[in-house]
Structures are given as C-alpha cells and as structure tokens.
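Labels for the chains are A, B, C, D, E, F, G and H, by order of writing; each one numbers its residues from 1.
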C-alpha cells in the first residue's frame, strides 16, 4: 500500500449535493482531516451549507451549526465562549464560510472576533462569487470577471475593482496566524492547519476553491485551475505569523496569467489590453508579497 | 493681521453641545474648512451626531444626514449615487463616524464602499471608545485602557487586545488614499484633505481626537495630549497613497509612552510591567511603519 | 415589447425600469436573485439609466436607498426573507424619514429550518415598521404595482415607503403573459420624484434631528396620518391606472364573486388567484361563496373588511404565516377590525401553505366548505398539517 | 444584600447573575448601557462567573447567544431600540432554533427622529418573531422576571426565548428598593440548563437543516404549540416563585381593583404602575374602575382578556406605540381576541406616552373618565397630542 | 415518506449521513480504474470531492459508484493515466 | 415653546443654527485675553473647539462668551501666555 | 387546460424548454404558465419543470400533479425518477431515446413517443454526444406528437428565447418534428 | 409623599446625590424613587435629578412637576435655570451659597436655606475651589434644613455609596449639617 500524504480519516460524508468537481467541498474535506473529530463547525448560508441536502441528512460527522449568513465568526465566538464556560478546552471551533459570507456580509462579525482575539479557526473557502444564489459578484470576485451582476453587457460592465484581499485585512487585525491555501495543494493546507490549530487567538485561512459552475470550466479541471492560479501567482501560497510573512511555496517559473484566464468562461470577454492590466497587477502584488516577506523577517521574534 | 494657517471660513456653528475641550468637534471643524461649502455630510449615532442639541437646531452649515449607527459608508455611497444619477459632480460626500461606528459596527458598510471604490471621503474621528453612550470599549480602544466595559476590577480586566488598525485595514482594501491625522496638527490634516479630496474612489482619514471626558484628563489638555501621542509615536502621522507609505511628520525625538499615558486617568491602573509592554508594541509599530515607508517607495508610480 | 411572457421577477425589474428608478441598491437572495440580475443586465446594456450600488448586505442596501432618496433620487431595491429581516431597523428608519422608497419583497419562509419557499412571516414581521404593503397575485400586477407604488408613495400627503410582494416561485419564477406598457405612457402617469425637502448644498438643512418628548409624539402622529391618507391615494392611483392602462387591481381589497355571497374568504397573494378556481367550482355547485383579496395589508383596509362583514355571515381568513403566541396576522387584524363593526359574522382562521406547502384549489374548496357550514373546532386551524391527531392550536 | 436600592438596569444585571448566565454577549446602547456596565463589573470583580463577549454589534450579540445556547450554555443579552431592531433576523432565528435565551430590552422610541425615551415600537415590532415578551412595572419585577423567564424558557415543553422589558428611564435609571434573593434560593428554583439536544463532539448532530415544503409547516406548528403551552408554564412558574419568595407578578395579566369594576383599562409597563394611583383616586370618588396589566404580550393572553370582557362594559386599551396603518398593537390584538368573546364591551384605543411623553396619573384619570362614559369620537385617540384641532386618526 | 407532526423531533436535527443520497444517479460519465496500471499513489483518492474513492484492505483504489458523480477529476489528476471516463449506460 | 402638531413640518428639519444654544452658561472659568500682549498668531482661534474665538476686522482676538464653555484650551495653547482663565462670577 | 411536465438533468435546459413551450403557446394566443420545481439544480441531477396551457387566463397557481404530457429529456432518468407519476390515463410520455415507442416499457395506460433528440442536437452542433443540448429538438418532437402547439410557434419562440445558437436550435426542432415516432 | 428636585451642573454629582438621598430615606424604611432628567450630561451644563420619599410604595412613576424641595448645588444656576418652577407654596429652596437666606431673592412664597457647601467640600479635600464636589455637603445641609431624613441615614448612605473618599464625604455632610442656615 502506498503512502498517504494527508490523514486518511474522512469526517465528511459522500452523498453531499455539491456540483461535479466542486472545489469548496475539498476544502472542507481537508480541513476536517487536519483537525480531527474533536471539532465543532459553524457554517453560514452558502453552497457548503446546503451540501447535506434536505432534512434529516448531514454531510459531516462532526457537530454542525448552520447559522445566518452574516454571523459565522460571531457564532464561532459564541460556541467558544460556551465551551470555555463549561471548561471544555480540547475542542477546535471552526467558522467555515464562503467568500461572500466572509468578505462581504460577514466581515463585520469576523473583524469583531479577530479584534477580541477569540480562540477560533476561520476558514474562508473562496469561489470568488455568490455561488449558492447563482453566481453574483462578491467582494472577492477578481477584476475582469463576468458574473450575473457584472454581466459585461454592452457597457463592458465586468468587475472593475480588484479582489478584496482578506489575508491582508486579517493581518491588519493583528492575529497570530493568517494564511492562504488551495485545494490543489492539500498537503500545504493540512500542514498550515496543523501548525496553527493550537495557537491561541483567531486563525484565518483563505482557501482557493475553484468552482466549475460559476467559473465556467469543465468539472474535471478543478485541480488544474488551482495549480495554474498558483503557478501564475494569481493566488500565491503564503502565511503570516504575527505579522511576519513567509511564502510557503514558490512556483519554479511564473506562468503568464493568460494561461489561467483562458480556461475559464467567466473571463472569455477580456481583450488583450485588459489581460495586460491584470498581468501588471498580479506582478505588482507578487513583488509586494516578496518584499513583505523580506522586510518582515526582522520582526520575527 | 497675522497669517492664518488654515482656512478662515467656519462651516461649523458654535453653540454645539460637545463637552468642554472636545477633540472630535475640532476634527469636524478642520475637515469642513478643507472641503468648503459644497459638501454633504452623513453622521451616524455618536457624540458628533448629537452636537446640534435638540430639534430644530443644527451645528453645521452644510447639508447633514443623520443616519443609523452602522450605515455611514453605505449612506455616503447612496448620496453619491444620487448625485451621480443627477449629474452633480462638484460636491464632496463625507461619511463622518466615531471609532465605534467605524471600526466596529460600521466596518462592514465601510468595507463594502471601499471594495466598490465609491467616490466618497470617510473620516473616522477616533476617541478610542463609545463615548456617546458613556465610555465603553470599542475595537479602537488601545491595549491597557480602562473603560466601563473593561473596568479593571479585581481581575485586571483592562483592554487586552491591541487597537484595531483602521488605516492598515483600509490600505488592504486597495483604496487610493488613507491617512492618519490629529486635531493637534490641523495644518497637516487640512493639507491631506486638500490633497485627497479630488481623487476618485474611497478616501479614508483616521483622525486622533482626544476626549477629556472619556480619557479622564482635564479639558484644556486636549491639544497637548494630541502632541504627546505624536511625539511618543503612539499615534504617528502618515499617509498611504495607492499602497505607498509616507510618514508626513516625524517627531524630532521620540518620547517615552509613559509621558503620554500618565496624563490620562484611563491608564492610571497600569503597572510598570504593562507600560513596558506598551512601549515595546509602540516601538515595533513605529519600526514597521518606517520599514513600510522604505520598501513601498519603489512601488510608487 | 407590449405583451410578453416573463416571470414575476422580470416584471419587478421592468416595473423599476419603467418607473425610472435612479438608484438601485440590492443584494442577492433566493428567490429574489433574478430581479437583481435582470436589473444588472438592464443597466449594463444601457437600457436603464440608473446607478446600481452592488452593496455588501441588505442592511446597506436599504441604508443606501434611504440616503439616495434623501438626496432626491428615486430609489429601488428588492429582497426576500432574511434580507428583509436584516433591513428591519432601516425599514423603520425609511418610514420615520418619510422617504418614498419602493422595494420588491419575494415572500419566503424564514429559517431555521432553512427554506426558500413561499410564506409570509418575513413581511408580516415588518407590519409595524410603517411601510405600505402590497401583495400581488400575478406578474402583471407586480409590474403595475411597482409603478403605482411610487405614485402613491411620492404623493406629498403620503411620503411613506412601499413594499411590493411576490410569492416565492409561485410568482417569482413563474413565466406568464405580461403587458409591458410603453415608457411614454408610464412617464405620463408618473412624474419625476420631487420631494418637499432634500439634501442640497444650495439649501443646506439637516435631516433626522434629536427630538425629545416635547415633539416626538407629534412627528409620529404625522406618519400615522400620512398612512391613513394613503388609503384614498392608493384607491385613486389604481383608478387612474385603470383609466390609462385598462386594468385595475382592486385598490385595497379586490372582490371576487362577492355578489349575494353567504360566505367569503379573505386571502392574499397567489393563493387568492387559485382561490378563484375553487370559488368558481363551488359556485358551479350552487354554493354562494366569494373572495376578498387583501391586496393591501398596510394600511389595513378595515373599512373594506367591515363592508364584507355586512354582506356575509361567515368569513374564513387564510394566513400564509403564523404569529407565535396569537394567530395569523391577517386573522387577528381582521377580527380586531370587525370588533367595531355592527355585524358579527362567524370568523375563523386557516393557517395554510406555510413554508411553501402547495395550495391546490381543492384545499381552498375544503376550507370554503367549512366556512359555509361555520364548522367550529377552535379559532385557528392549521389546514393541511400532517397529523395523526387534532389539528388545532390556540 | 437582601433588600437594596437600585435601578431597573442593575436589577436586570443581578437577575442574569442570579440565574447564573454562563455566556453574556452584549453591546451598549442608551438606556441599556448600565446593564452591560454592571455585568462587566460583576464579571471583572469575579462575582459572576460568565464569559462576556464584547461583541461589535447587537446582531453579533444575538448570533453569539444563539451559538452559545446551542452549545448548551445559558445565554443572556440586553439591548434597546435600534439594537433590538438590528437583531430582528436573529430573533426569528433564536425562536426557530428553540433556544431559551433571555434578553433584557429597555423600551426606547425608534429613530428617526432620534430619541432615547420610552416607547414600545421597538419590542412591538418584534411581536412576530416567536419570542415571549414580559413587560415589567418595577425594578423588583425586572429582577424576578429575568429568573422566571429562564425557568419558563428552558422548560422542555416550551424552549422558546424570552424578552424582559423595562421602560427607558422610568425603570432603567430609576433607583428604588429591590429585594435581591439569596443565590442559594435562586439555585433551588432554577436548575442548570439542560437542553434536549446540543452541539457535542461525542454526540455529533447538525442543527438547522434545510427543510422543504413537506415538513417545514410541521416544525413551525411545533413552535406555535410550544408558545401555547408556555401559558400554563408562565402561570405555574410565577406561582412557584410566589411560594418561594413571597411575591407574585400576576402571571400573564395582573388585575388591580377589578372587583365589581364597570370599566377597565388594559396597559403595560410603568404606566400601569402609575395607573394604580389614578384608579385609587377614581375609586375614592366612587368610580368603579380597574386595571388589567398586560404583563405578558407574547403569548397573547386572550383567555384573560376575554375574562375581563365578561366583567366590565367598557375597556380602554393604552398603547405606548402605534402601528402605522392600523392602531396600537395592544388594542388591535385585544379587539381581535374579543371578537370571539360572547360579551361585547365598548373598547377604545388610547395612544399615549409616545417618545417618552410623561404619563401623570391625571392623564390616566382623564382616560378612565372617558372609558367610564364610553365617550366616542373614533376608535383611536392620541391622548395628549399637542393639537389645535381634532385629536383622532383612524 | 413525509412524516406527521407527532413523529418529528422538536427541531429538524440532521442525524442521518448524506450517504443515503445516491448521487451516483447524476453521473453521465463514469471513471473506470485500470487496477493493473495503478501504482497506488492515491492522488485520485486525495482529490475526489465526493469522497467516492476508497482504499481497500489491500491498498487498492475502489470507486463508490453509488456516490461518484462522474466529475472526471480522478482521471485528470492520475499521473499514470490509469483512470478513464466512459459514457454511462 | 412646544409646538402643536399643525405647526410642525412633516419631518423634524434641522433648520436653525445651534448658536441659539447659549453654551456660555456652562462656563465655570472664563478666558480673558490680554490684547496688549497678543501678537495675533491665531493659535487660540485655531484650537477652540467651540468656534468661540473670532477675529475682528482689525485682526484682534474676540471671545464669544455666549458660547465659550471655558475649556481652557486657548490658555493652554497660547505661546505668549496672554490668555488667562479666571473663575466665573 | 393542458399540463405538461418536463424531466431532465441539471444543465440540459429543461426549465428553458418549459418556458419556450409556454412562449410558443402564447404566440397562439393561449394563456400560459411555466415554472420549475425549485430544488438545487446541479449538473446531472434530476430536474423537473412544468408548463400549463389554456384558452382562458390560468388562475390556478398550484403545482401540476396530474399532467397530460410528460417530456423526458434524458432516457436514463426513467430508471431514477418515477416519470409517469400522476400522468393522466392515456396521457403521453415523450422520451429522448433511440428506441421505438413500442420498445419503451412504461405500462399500458400511456401513449409513448420517442425521438433521438441527442442525435438531432449533435447533428446541429448543439453540445457534444456526452453533453448534448436537446431541449429544442424535444420541443419540435412535442409539437408533432402532441399536436398541441404548432411547430411554427415553437420555431419562433426558439429564435427569440434560446440563450445561444438560435438558428441551429430552430433547425433541430424542425428536424425532430419530422423524426418523432409515436 | 415628599418630592425633591436637584439642580446642578454636569460633573457635580447631582444624580448621585439624588440616589444617596433616596438610599438614606430607604434606611429609615421609607419607600423611595430617584431618577435623573435624562438629557445630555456635559460638564458644566445644567442637570436635574429627582427624589421621591413616601411611607408607602410609590406607584406613581411620572415626573415631578411640583416639588416640595429644590436643592441647588451651584448658586450660579439660578441665573440660568428657573429653579423654583412648580415649587409648592412654602416649599423650600436649599442653595449652595455663601450668602445668607435672607439675601437670596427668589420670591416670597418659598422658604430659603443656604450653606456654603463649596467651602465645606474643599475643606474636606473634596475637589478644588473651581471644581468642588459638593453633593455630600449639600445632603448634610438638607437633612437639617428639611428635617425629612436623619443625618445618620445620610451619613450611612454616603459611606456605602460615594464613588470615592467615603469618610471625607461623610464628614463634609456632618459639617454642612451644622452650618446650614434657614
């Protein structure tokens, strides 16, 4: 028998009703592998919230509290406080929300939790739009993307503002740990979770979770899309511990963003000019990240 | 007649009901001097919201919309959209909120406005607690401070988490301009507003606004406290243009934070050990800021 | 595009477009989503000239509408269920500010448990916020009512915001014929928004002052008064609409086969559409039954309801929501209004269709039968509840 | 500390402390602030063992309470007006989840215009959320009711959250004698919270599923049923309290001098306290008037109200809120409940004290006089409205 | 199927595994593993979003066709190209 | 003072300057300017939170005692020490 | 009133088909309603949609429980979904299948029609063999097999409402109209 | 029932005074209520608070419009606030003032009492001359001038409830008790 690179135990059930090739479910699967059974999870309205299908089914093997869309972090804080009140200190508390539920409507609760430093793990699985309601723009939708509320039309009304940078925002909250991860790199993700899970305070993960339905690509390409996001540095892999940046995985050679964009229907309207702008922004962000990794080194204690 | 260093026109009325020596009112006064008459302002619940006293009085000479506590930025976006719909493009739209209304309950609306890049000016006057309701902690309350909800007590329950860093959070939103300012340095503040007001997109100001009532110092010291915050670099003066940091004013020689803390009743319970921690954090933040100013230089276009 | 086939949600969007809404601020939620998407399309294609603020929550959607309306722009939004609930504070704000915002609400059951199907708890739970509430029974009515609602709301005797309700899926996603009136005719009908006061740099005033006990009550009374005055305006606007466009939606309460009826049901939304079939069937069997459709729930049409009480001797009130601790809101308010009526028909409450349970004509026939015979057994019956024992609560 | 002098807000905080609330999540708002501050003090001094989550908004306060309660902890919060309104969605959530959270609400008028003074629009606008509502008339009742509310709410036949109301300033900031029972006695009265189901890693289940139309209605019916069953439990718990602590607060409706009364007023909160003085004065003049104090508005005490209707032939319903488009909620619901009663006394609505307007005994005497003489002139009167003409709306 | 009110718990507990949903019926194309070629690297196992690939006692890859939706990821990630998607009958 | 409902506008407009609030009555100590010494640097003017220091036509500092609350900032910031706070009668 | 129920898989356009059919009947001055059964629509997962057609306004807004016609866009669904549930006696099932009507086993009380809509669709460049877009073809077949809606109206509706490839879809409908067996 | 109204400035502790007075009466087994007039309390701005004292439970929760006593913590307020508004005929005004009662002009229908509470307070180290904490002293004076509440009860209440300097406050009350003129 070969060697497994991530834990074998499955705490997510099959039979969930995610789309074919859904990246978000992989994020959940890996996370639970890293955390194990003594985990409680709270999920706001999003694709993952309805994975169980209908009453009385359940796609998870750990305690699960479905909560209102904008309350994930506050709910996780509430669970933690209840456990603390009861003296239970060996259970991980996770808030697991989509990018919309995290970066838009849930950002206030998350900001509050992080400011208080409540001892929870927050995972944002990022499919870059409101998918559960049918592909509307979110704050995390990248520049250039089509969605049903950035419908291109005759006015070229694709998303014009950059993707909201949640890791940076969380780092600004002075939390002990924030990191990116990708479903295309489960070992990296699992390792980061293992590293952070016992730190005190609020831990944040931004997990790149490709969505064939919303991004308009064929379901078998989910992992490939994740790999390209990494290789083009559209979505780099890094972690920030107490303000100190570390790139956890560098592409051997950076590929042009066009390689990533062209596989996805949501970008098919982009002209070369716009792709150039995107490339420029990706370059700048990547250089910024490297520079931060460099200069924050000396702030590591 | 001597020379005025800031515009003479007063767009704020006397007779407002702020406390003696209120720093927040100065923030409003300077802001309006910098923006002039063609300004619309929206104010959420906070000390400034009730400055007019009771119906039918008004402490401002520009159009004023009092709004619900958590809606400042969304309200500013709404005003801007209405002006755009009517083709009015020579009016500044300002959201003016306290630290609680901005960093806590209003952060989501602000984050949304910044993500969309709506063309407004947001000013957070920071008195480091919920003052209008009687000095409860806010996310912007600094480490170590007493408030009525961090009452020290026998458990040493002063605020234990650092002040939420709003400028950093806003910079992470990729806005064209974010800056600190202080009522102790009106020229610096006015200059920054003049510089930013015509930029397109969301502009953010974090204005240090000492509060004799909540900070427990005698009202005549408001300016002095602001000066000390600057000199100790508890609250440094800087601006961030498109991600590029610039320290706009450096203290000739940094004073120890104790000089700042000891003037204020809200810090009187702090022991030397804790003051040392505070000093350490202030040092680290200051060095970080200088480092950022250094490394981001090359990202200036 | 005069007569076309479209969903209730498209009809909402076209209503907003024809009304020339200038600022749209909205957030997606099933089953409202296609309203937002349609508006995004109309704006992106240049067909509709509006600023579309793609807010990060419904709370901000309503906040932005309030600010835009206070600045003198015609503002529109749409939502459903949790989105509406999240706006609650802002709904009270909009009404208190006397801003004639119009909002579509696609009635959906509230969680938990999660549901996306039709029921009215969402909008019933806003009955105390000071908004007018229109419940529609067809896509045509949705489109027409959005436009009518602006005309009513912006009337200077009214200046009260309005919600235009659609049943989840039964209207929102149902494709059916709709006559789309020409823009010119709508423009004739609905003049530009012209508020008595607005934010204006040339005329600076402050809005939403602090008002101590010496005047607060008087300002609230003015809202009460405006809401009372809206009754007449709603009626007139629907009549004017009929004159211009050839169809009326019944003003506050639409009557169906009420002539010489012995018994009537009071109902709203799509179930009152289905009820017509049931009533026709009953009438075919010689049973004298009729329908009073609650098109408007706020202001509550107590005059019209009292009129019904004069005519029949048994009334069934059908509620697609239930207020825990009392009864269906249509019922308790109807009973409340009838207390002062000289006539005293038998009145009973039927709670039905909760959480999207389907309401076929035969269920309504079953209820009509009970209403006719004044069948008793408690004030409130959860009709169609799956049970092995008794059906009543209350 | 047996008998002490304290404000209603301190009484709230001591109630939560004596009930051994394990998780407190709250956000400050005038006039609730001193509840939060007192709790912060009690926790910081170690007198109260609780986790205090200093949330960034009321929406998160209720979300955190819901999650804590679902994890098996006794949860408490307090708020007022805009804070309550901001929780609206979460209130429906808490009730739908059947979580016995207890919350203090300091009734304050809603903006705009801004006001910090007493009126009930805030909690009336939550009448459809599925929470029990207790309105208190003294600080003593506040303290006792917080503890009673947990006992009622946590009863396995109930499992419904509860709000304990105080009038802004009239109770919240009024210093008066309060008997603080010993912790031991309260512990005897109120056992630890023991929910049928909770989040538990050793027993993992999921809460708040997606429920399609085939079962949603049945789950909602269970809430309706639980709310009905709470009536008995509220009564019993108050009786048990009286046995143990020597004072009752009247169960759902407290009666004052109703013996042989010809006319009665229905009122709640501090105005019913003041009304006693008015009633005594009237009785002294030989006028047979009484008071039915609505201590509980949810569940609505229709049985008790119908009993009143049997006894008197004129009723005045006093509302410190107004539902635009109908009438005061106490009134419309009272009239609704009376519709089914065999007796039919004269009933009229008096809207009073809106936005903190003071209600002296002589005003209530004025109303009692009108009620006695069945003075007419419309269904609803805004009593004390400053006007040069007519006083009525509706 | 639908239960009456008396038979339901007081809240809708999620107490049954979603594995009762036979999502295999969604499948239009079907993965077939060439067990000969497979070198048990478990990359397919790792990336299956439907937890529909199991490792049996011998360490072989086993596809759970009751739940496999036929997304084709396993085929796409298999470095040895020993999984093939074929049209469902 | 309190108006009747007919005399109020439809919403509570803020249409009157707050200057009608004579906040000078709050004052316990009172700034007195030594006009001789004052060199018209206007630093006191700049920092008065109550907009209670005016500059007259000659450029002199003028204190508006109707609104000055007596916070003492002007005294504190005056570099020439020519403002003195004295107890209010 | 005529009531039609569609069975398909997520991604095959059953809801669009129900709308196009309604729009086609509307062109013939009929009153119509069409609507989906709302669940979670996932690619490959079973999906249901409905169309009602009548000569007078359709006030009844309740679900369809006893259809006159059932249209199945993917024959493999027959094994998974009870497609004839509630179908009226002598009602018709139209299947996308290579088989002949007589080879389809769905009981004796229904009329069966079949068309190889997949083949037709692929021939007109509508999707691929494994993911064909069959909704236009099946509507063409329905026109002929049911006689309820004229093929001209179907064609016009497709030209107006198809999300893409209007002409190809129309042509496919016409071809399927010819090829349907019943 | 006895009704007392306090006038002071924000920061002088009028509300605390009203509470201490209520608590003192409560010690004498009276029923009490005390509450502030809620406005924005700013340092220096006029503030009002109330105390009600009775032998039986106080059900009347309305505001006090016709007090029996008015206590003015800062004599300069007389120029700013209508302190005798509603005061009952022959009611008493107690003023913190250096003047003698007979030199105070507030009309003939009221009794006047004065005490130099500022001097007493400063002598006991309670605040400074410009910001004295006079609330304890004035309560001591009230005890004597009104005869409504025993000075022992006032003292006990101060010891329990003063926010700081319990002893000094109690001593100031006792001294003012002796010094009040009426």
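Heads up, the rule we're going with is that a contact is a pair of C-beta atoms (placed from the backbone, for glycine too) under 8 Å apart; a residue touches a chain by one contact, two chains touch by 3 or more.
Only a predicted model underlies this, so the values are computations on that prediction, with no experimental measurement involved.
By the document's definition of touch, common neighbours of chain A and chain H comprise B, D. Shared contact partners of chain B and chain C, listed by label: A, D, F. Across C-G and C-F, it is C-G that has more C-beta pairs touching. Averaging C-alpha coordinates per chain places the centre of chain B 63 Å away from that of chain G.
Our note on geometry: chain C versus chain H, Cα centroid distance of 57 Å, whole angstroms.
A straight line joining the Cα centres of chain B and chain D is 39 Å long. Centre-to-centre spacing of chain A and chain B amounts to 32 Å, using the average Cα coordinate of each chain.
Among the residues of chain B, those in touch with two or more other chains are 17-18, 20, 49-50, 52-53, 55-58, 61, 64, 66, 68, 70, 104-105, 107-108, 111-112, 115-116, 139, 219. With touch defined as above, residues shared between interfaces to two or more other chains in chain H number as follows: 42-45.
Contact of a single residue of chain D with at least two other chains is seen at positions 54, 56-57, 59, 82, 86, 89, 93, 97, 111-114, 117, 205-212, 214-215, 218-219, 221, 358, 385-387. Here the touching chains pair up as A-B, A-C, A-D, A-E, A-G, B-C, B-D, B-F, B-H, C-D, C-E, C-F, C-G, D-E, D-F, D-H, E-G, F-H. On the side of chain C, the complex with chain A involves touching residues 27-30, 33, 36-37, 40-41, 43-46, 54, 56-57, 82, 86, 111-114.
Residues 45, 49-50, 55, 66, 68-70, 104-105, 107, 130, 132-134, 136-137, 139, 148-155, 157 of chain B are the ones that touch chain D when the two sit in their complex. Within the complex, the chain F residues that touch chain B are 12-23, 26, 39-42, 45-47, 49-52, 55, 58-59, 64, 66-67, 69-73, 75-77, 85.
By the touch criterion given at the top, residues 18-19, 22-23, 26, 31-36, 38, 58-63, 65 of chain G touch chain C in their complex.
Remark: chain D residues 59, 82, 85-86, 88-89, 92-93, 95-97, 109-115, 117, 121, 124-130, 132, 160, 207-214, 216-221, 223-225, 227-228, 230, 298-300, 302, 321-327, 329, 331-340, 344, 347, 354-358, 379, 382, 384-387, 393-394 touch chain C in the complex.
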